Amino acid sequence: MTVPGAWYLTLAAVLFTIGAVGLLVRRNVLVMFMCVELMLNAVNLTFVTYARMLDDIGGQSVVFFVLVVAAAEVVVGLGIIVSIFRRRTDATADDASLLRG
Amino acid sequence: MVFVVAALAILVGAFGVILSSNPVHSALMLVMTLFGVAVLFVAQQADFLAAVQVIVYAGAIVVLFLFVIMLLGVDRSENLTVEPLRGQRVAAAIAGALALIEVLFLAGSRWATGARSSAGTASGPGSNVEKLARSLFTRYLLAFEATSVLLVIAVVGAVVLAQRNRADDASLGTSTVTEPSPEPVPSPDSAPAGHSLGSGTEPAVDQPAAGAA
Amino acid sequence: MAGFPYLTSLVVVPAVGAAAVAVVPRDRDEVVRAVGLVASLAALVVGVVMLVQFDGGLGSFQMVSHHRWIPDWGISFTLGIDGISVFLVLLSTLLFPIAIAGPTVHRDYKGYVAWMLLLEAGCIGVFLSLDLFLFFLFWEIVLVPMYFLIGGWGYDRRVYAALKFFLFTMVGSGLMLVGILVLVFLHERATGVLTFDLVTLARDQSLAETTAKWVFLAFAASFAIKVPIFPLHTWLPDAHTEAPTGGSVILAGILLKLGTYGFLRFGLYLFPQAVVDLAPLFLTLGVVGIIYGAVVAIVQRDLKRLVAYSSVAHLGFIVVGIFGLSTQGLQGGVLQMVNHGLSTGALFLLVGMIYERRHTRQIAELGGIQKVAPVFAGVFMLVMLSSIGLPGLNGFVGEFLVLIGTFVTHRWWTVVATAGVILAAIYMLWAYQRVFQGKPEGANTVFAEMSWREWAVIAPLLGFIVFLGVYPKPVLDRIQPTVNALVRHVEEHSDYREPAVNRGLVDARSAGAARGAGGVAGAAGNGTGR
Amino acid sequence: MPPLIETPSIDYANFAPELILVVGALLLLTGGTFLRRRRVGSAYAIFTVLTAVAALVSTAFLWHRVSGGHGHAVLGVADAIVVDGYSVFFAVVICTAVVLGALLSDDYLRREGLEGPEFYVLMLLSASGGLLMAAANDLIVVFLGLEILSIALYVMAGYHRRRAQSQEAAIKYFVLGAFSSAFFLYGVALTYGATGSTNLGAIATFLRANTLTEGVFLGGMAFLLVGLGFKVAAVPFHMWTPDVYQGSPTPVTGFMAAAAKAAGFAALLRIFFSTFATNRLDWQPIVWALAVLSLVVGSTLAVVQTDVKRMLAYSSITHAGYVLIGLQAATDRGIAGSLFYLLAYTFMVVGSFAVVTLVGRRGDDSHDLESYRGLARTSPGLALTFTVFLLAQAGVPFTAGFLAKFYVIGAVVESRSYALAIIGMMAAVVATFFYLRVIVVMYMGGDPAAGDAEPA
Amino acid sequence: MLHAAWLIPALPLLGFVVLLLAGRRLGDPAAGWLATLMVAGAFVTTLVVFSGLLGRSGDDRLFVQDLFTWIPAGGLQVQAGFLVDPLSVTMALFVTGIGTLIHLYSIGYMHGDDGYPRFFVYLNLFIFSMLMLVLSSSFLGTFLGWEGVGACSYFLISFWFERPAAPSAGKKAFVTNRVGDFGFMLGMFLIFTTFGSLQYTDVLGHAGSLTHTTAMAIALLLFLGAAGKSAQLPLYVWLPDAMEGPTPVSALIHAATMVTAGVFLMVRINPILAEAGGAATLIAVVGAATALFAATIACAQQDIKKVLAYSTVSQLGYMFLAVGSGAYVAAIFHMVTHAFFKALLFLGAGSVIHGMHDEQDMKRMGGLRKWMPVTSVTFIVAWLAIAGIPPFAGFWSKDDILANAWDKSPILWLVGVVTAGLTAYYMSRQVFLVFFGKERWKETAHARTEPEAEAEPEHEPAAAAGGRDMAAAGAHGEHREFTPHESPPTMTFPLVVLAALAAVGGALSLPFGSFHPLETWLEPVMGDRLHKLSLSGSTQVVYALGTVVLALVGIAIAYLIYLGHRVREESVEPTVLRRAWYVDPLYAAVIERPGRLLASWCAYFLDAKVIDGAVNGVAALVRGGGTRLRAVQSGYVRNYALAVASGAVLLVGYVVVRGGG
């Protein structure tokens, strides 16, 4: 038997939510970034599920691009993180609060 | 059955990411989620993507994460019981709860109302790779080409970010914003206003002066 | 000469002058003065020639120059003049040379003159525009030069005053812009024609009554702030007091008129029924302004501030005249706009001269000047009496017409407004007493008489003050056809009917009895003595 | 033997501007390697400007193509992009931003000791992403364009290596950008599920045939709005704006404010106005709320700023509100108004940041209002220029800013959202206050005796 | 000949203009002579016009000369023109006539004053305005003159502007007059509303068609104006203060001409009054009350001019009593005779003041008869005239009024008679104090009553009090050693002429017989509205004798007190009368002080705090909102992310709810 698409999609939505909430509550920039990856994965899961439900290969193609984007984002993102938080014992996002108001 | 297991893995992994105090553990839990997702890809006839998922995500991205964690040496455990930003967790929880409620609402409705197979079928004869390739090089050709630009940027960006640190280190010694903090960074809400990244205020102020001199 | 674009020239000449001044080297004040004077006087000459060409018998727009501009939006560059605007334009062309050449400017004369000329172009543009968009454009642009004039050449609290002036006015303009757009688009919806043309919009009258009321209020907000109508007046004392002398002259002489002119041209013309319905509100506010402005003026300690509050009172009369919707009231209102420009302009010039000599505007620090400078005091007295509304001087004619016309249509408001005449005497005479009478002491014992330059500046104003008081007929005759047309327009598009007595169509002598017995038919608030 | 896959025929002319930018960037990158560490003067900047100008020239041809004899839009590369007046318009706007940004950067980079071709490479590539967004006829292309644009900007924001603020801007921009991208992407996913395609043309066709009231589709729309709202800095997705604008190197800020916002709006307008036209009643209230919030929050917060750069950042939020007003009207006139607004805004904002760059001096630190005190005396030309830009932003007549406001307000009045129009005008008043404040300091702050009389 | 009417006001106007431009060059006394010449010319012209009018038959004595349209506005067409009829010519005659005399007098009186040319500038302007007032062909023209004379009165009262009291008095006069003008203006508005015109010929010719109420309203409003100008209750307060002006001014403006403008106006509108029955009664009552009220005050004043001022108020009351009784001719009659003798009294007083070196306190005079023979003789003539002793002019006119008042109401008559007695008393008191008795000006300074006696109203309490004290002190010290002297001929000549007129002026209208030239002359103006006495001639004589007896009693009492010293002077001059029934302090407490408090409250609380406070409050609100919102912009990236997430949740929530799931 096939699991209904709705289950997948709900799972993806929950995963997306977890990722989003995670980004809100974690201070470590790297972990926050991982949460973004969680969200992207949720999106990917959604796409693939839709691809199956609609019997459309387009959904899978999109995932491919998302992966590329995720990779590029990681490269640059981690580059930024490295350049800022090098030789720091923790990469706390809250420290970046020079600009405010 | 596969779905349940994979879903469990995904959720446990996801919660693991956000609940592990140690970033390394988070990264490992992320891998678990990624694998779960890959399994579900397979379960939905996206074989190629499942492979890519494992290779790119687990193989490249997470490794990169771990590498950076090690490089920065920020693998110290984060104290998760403290939240310096007042109200942040409560608000996040409320937002999350609302989001879940909305998801439940959505779950009751029709999820997939779209037209079927507008970019070619996913099932039926032919391998998944072939169909994917056909779609990528026809309908998504431009997108495919555009990714090249993206990758160029990623490369240039990485080079810029890395190279200029080197240049700075060479020419300016250690007086950059990335200078290690001689003392523990005070927590944001107890710190006086205007403190910067690490001891960043200091170079930010004296650097232009040095340049002017 | 018939084809000469007078109106366009009136706008362009000062603007070109401003540009010319802008390229003069900063330290060549005499060149700047020459260029500024030439430009503003050229505008004056154009204005006078235009007046000669002006057909006083016509009630409609004349010399209309019309060019397509933004066809997508039905916007055109349309200028035109009629009996209401012609004298306001002339007043502008008269006051600007005075403001440019008259007062002593202590810094950056070039900038001062450039802004002044730009301001002139803007003001004249407002008076001439027959396209709502164009009108709004000029209306708004006027703010900028005035802002810089107050802020750059003003007194101690100039920055505050300039900002207050700008923002206050902009609130109104914002509402008006929305109003204009609502009007235009509702008109399009009703007629299928998208146009900003004033005449077309006024003729079609396609707005529903309630809508028209709201749209009118949006316009009115802007005009009311500019006039200013109580309780939106508080920018005015600050702006007047802090502005340089020339700025005050223009502010009082021209800028305030933009508001009342707006009521006439855009309020009455576009929204007759709304104006008729809301007239009691505005009459009340106008009357309150008359009394309130005068009462507050009484206890002012700063001479300029006192004159500023007197403006609130005077403008109240104009508002009453406009919303009284009577031929006399409207004619008087228009005339009073000119009059107020002349006499209050002159007052500000004189106060400026006092400041030049004594470096104070505080009434308490002045005194006994009549002893030292009798001629100066005499001039001040004349202008003051004009401001009080002494018959034989210009102020009276306007005020009287406003009151007598409005009395017929809106009796009880007029009764209260007339009481303002008493208060005017109190604050003006008391101020005169404290500043000019008594024994001069201390620094007041030295007070130079008027110089030739000051005479040259003030003499034209004095001339008109007397002339318009004695023989206002040429002006009134040219205003009348337009006012008649306007009143007919209002009657045509509303349930208002002007009393016959105002109109003068019925032979007054024979009908006096009937009216005396039965009251004037159709007038609001009527019921002669019953 | 026929190819295994029939790739669609590609008329490269259809995305010539993008191509020119990318090729220019690559040339610069390669060339830069050889020129490294030599005295290159303004060569990089000049090359960048030339590239952008070339792109602009190519847009002229495109313009001819889409507006000439054969009707309007031209679809290209398997319907992934569309060339129409709209996309050409944004190409012009963004390329203009590149020209201005490059001109601005040259002096700045040398002043700050940050020379190198990479900056310009990133700028060109980023611009190509913007162009892609504007021309995209596929949500995924929009997404890729968005990422190209953004990722380059992340790097550029942190380009000033010695300024902690610059670094902080980069990390904030990056974290939030990635976050919002995820939202956007999720929106794409839901829309895909609801309509069965990511192609905007296909979506539009589908929506015309089917009435969708399902939460999935509407949710997807909402998520798209979140992602794009973030890009255009609409409240409540604006919070990165002040920090990033303030922290980034000033030329980058100028470029970012112009190009990123234009690109964001390009996508927003195309997706919502053209594609989701059938569901207008669903998204109009949201846009209404976003517009009002942007206007109110942007202008209110700008009032209390003392840093000119930051003030301009908040003012850009207000400007976003105005463009949204045009979108809210959801009429041709409204969109035309929004487009005009963006064009005017580009010049105003780049110009403003140009002045800020010049005043900022070495270290890019002198952005406090105090740095502008008496500017009219020390450099009258600069002060006058800034005044013009500020007055234009305030919407004073005879400036493009006025016409822009007039058009959007007019459009929204036409569609009878009177409240929005009035809020817009009142926000303009508040906005005027802070623009005038700068002018006051420049012109009337000369003598310290009278300069302090700030109103309440 | 009638076409010369425009010349009448034109000549003084010309004088005004010339003096304004060249007055200082002409100087003292040429400026004065020029001004006098102009007024004399006007007088001559008036005579010419008068003769022209006489040449016409009774009903044809109306001539309108319109120069140009002054104010054309729709239904309102106001002509600048002149209405020449018996009434206006009568007024013009005595205005120019007395005006000429007073100009002449001023040449001497003002000699040596700093503002000599200025004085004549004002004086000529005044004559012009007054002539406009009486000659204009429309209400508005009259109003022009009305306000003009008011302004001139202001100028002239505050002529010595360096004295603190003078400007205050001038201002008071102007403002009080404006209160009256308020009524005048409203009256005009109502006339326009009713008749559609302000031309006398249009309005008065159709007055018969007025409803009673409208007529009453118009009449009362115009009466308010008249009460202001003619110093009737309750607006009389400015006139006593107006004595701050030079004495010729008091004579010309505040006795002979301007103050009678109100009476003129009432007579002018007699067709309207005829329709407004109740109004006439009110006018009569106000007139009578004023007459009595002012007379009581006059009994206790020490200032030689103040007595005359209150006397003027009182006599004006008589005139209004006459108007109210419908005795318009009597009113005009009394106006003319009053102009003669009151001008004479003022000029005499001026002569005394001149001779006494600016001393005005009667208690410091006495026995001047020997030193100033001409002045004293003429003054005594005037005294007898005003006291109502036959055959002097005052007797006839006053008796005429009283007879008419009897017809109106015996109570009014009684008041009039009592006033007549009081008048005789206080005038005798003045004459005795000034010209008879001991030469008190020789007494030492310390014996004098102190400045308090002047009982001035206080306008600028601090400044004024100090200034006045100083002035008084200076004056005392100055003319310690002097002998009073008779005035120069330019001053005494007018006295003599006026004395002659005061003596025989009664011939204009002799009540008991059938010789009524004035009435016949004025008949075209009054028509059938003129009140016809119900009393027979012989009854009138009886009443008249009674009045004369009463007057003689008054004189006798004054003699007993002030020459016989049978009663202490102070006991018949109670403080309440000396302080004029405390009306000035009352007005200050009831109107002025609350008014000023209100103004201060408006300016410094309502305007500054409430209205402007609201404006600044909005600004503060925006600023406060900004500051509060700033806190949200915390600088923490996670906060920002929270905002994004919350926004997303809300948006999605909205669409989900909207889409119904």
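A few comments on the model shown:
Which chain is which? They are A, B, C, D and E, in the order written, and residues in each are numbered from 1.
To be clear about the criterion, a contact is a pair of C-beta atoms (placed from the backbone, for glycine too) under 8 Å apart; a residue touches a chain by one contact, two chains touch by 3 or more.
What you see is a predicted model, and the numbers here were worked out from it, not measured in a lab.
With contact taken as defined at the outset, chain A and chain D are each touched by B, E. Minimum number of contact steps separating chain B from chain E: 1. With centres taken as mean C-alpha coordinates, the chain found closest to the middle of all protein C-alpha atoms is C. More C-beta pairs touch across the A-B interface than across any other pair of chains.
Separating the CA-averaged centres of chain A and chain C is a span of 65 Å.
Mean C-alpha positions place chain C and chain E at a centre distance of 36 Å. Between the CA-based centres of chain C and chain D the separation comes to 44 Å, rounded to the whole angstrom. Between chain D and chain E, the centres computed from C-alpha atoms are 78 Å apart. In chain A, the residues that reach two or more other chains under the touch definition are 9, 19-21, 23-25, 27, 32-33, 49-50, 53-54, 56, 58-59, 61-62, 65, 69, 72, 76, 79-81, 83-84, 93-94, 96-101.
Shown for chain E are the residues that touch two or more other chains, namely 619, 630, 633-639, 641-642, 645-646, 652, 656, 661. Counting only residues that touch two or more partner chains, chain B has 85, 88, 91-92, 95, 99, 102, 105-106, 109, 111-112, 114-119, 134, 139-140, 143, 147, 150, 153-154, 157, 161, 164-165, 177, 188, 196-197, 200-201. By the contact rule set out at the top, the touching chain pairs are A-B, A-D, A-E, B-D, B-E, C-D, C-E, D-E.
In the complex of the two chains, the chain A residues touching chain D come out as 9, 16, 19-20, 23, 29, 32-33, 36, 39-40, 42-43, 46-47, 49-50, 53-54, 56, 58-59, 61-62, 65-66, 69, 72-73, 76-77, 79-81, 83-84, 93, 96-101. Residues of chain A touching chain E in their complex: 20-21, 23-25, 27, 32, 93-94, 96-101.
Those residues of chain E whose C-beta lies close enough to touch chain A in the complex are 630, 633-638, 641-642, 645. The touching residues of chain D, counted against chain E in their complex, run 171-172, 175-176, 179-180, 183, 213-215, 217-219, 221-223, 225-226, 229-230, 236-237, 239-240, 242-243, 282, 285-286, 297, 300-304, 430, 433, 455-456. Those residues of chain D that touch chain C in the shared complex are 391, 396-398, 402, 406, 409-410, 413-414, 418, 421-422, 425-426, 428-429, 432-433, 436-437, 440, 443-444, 450-451, 453-455.
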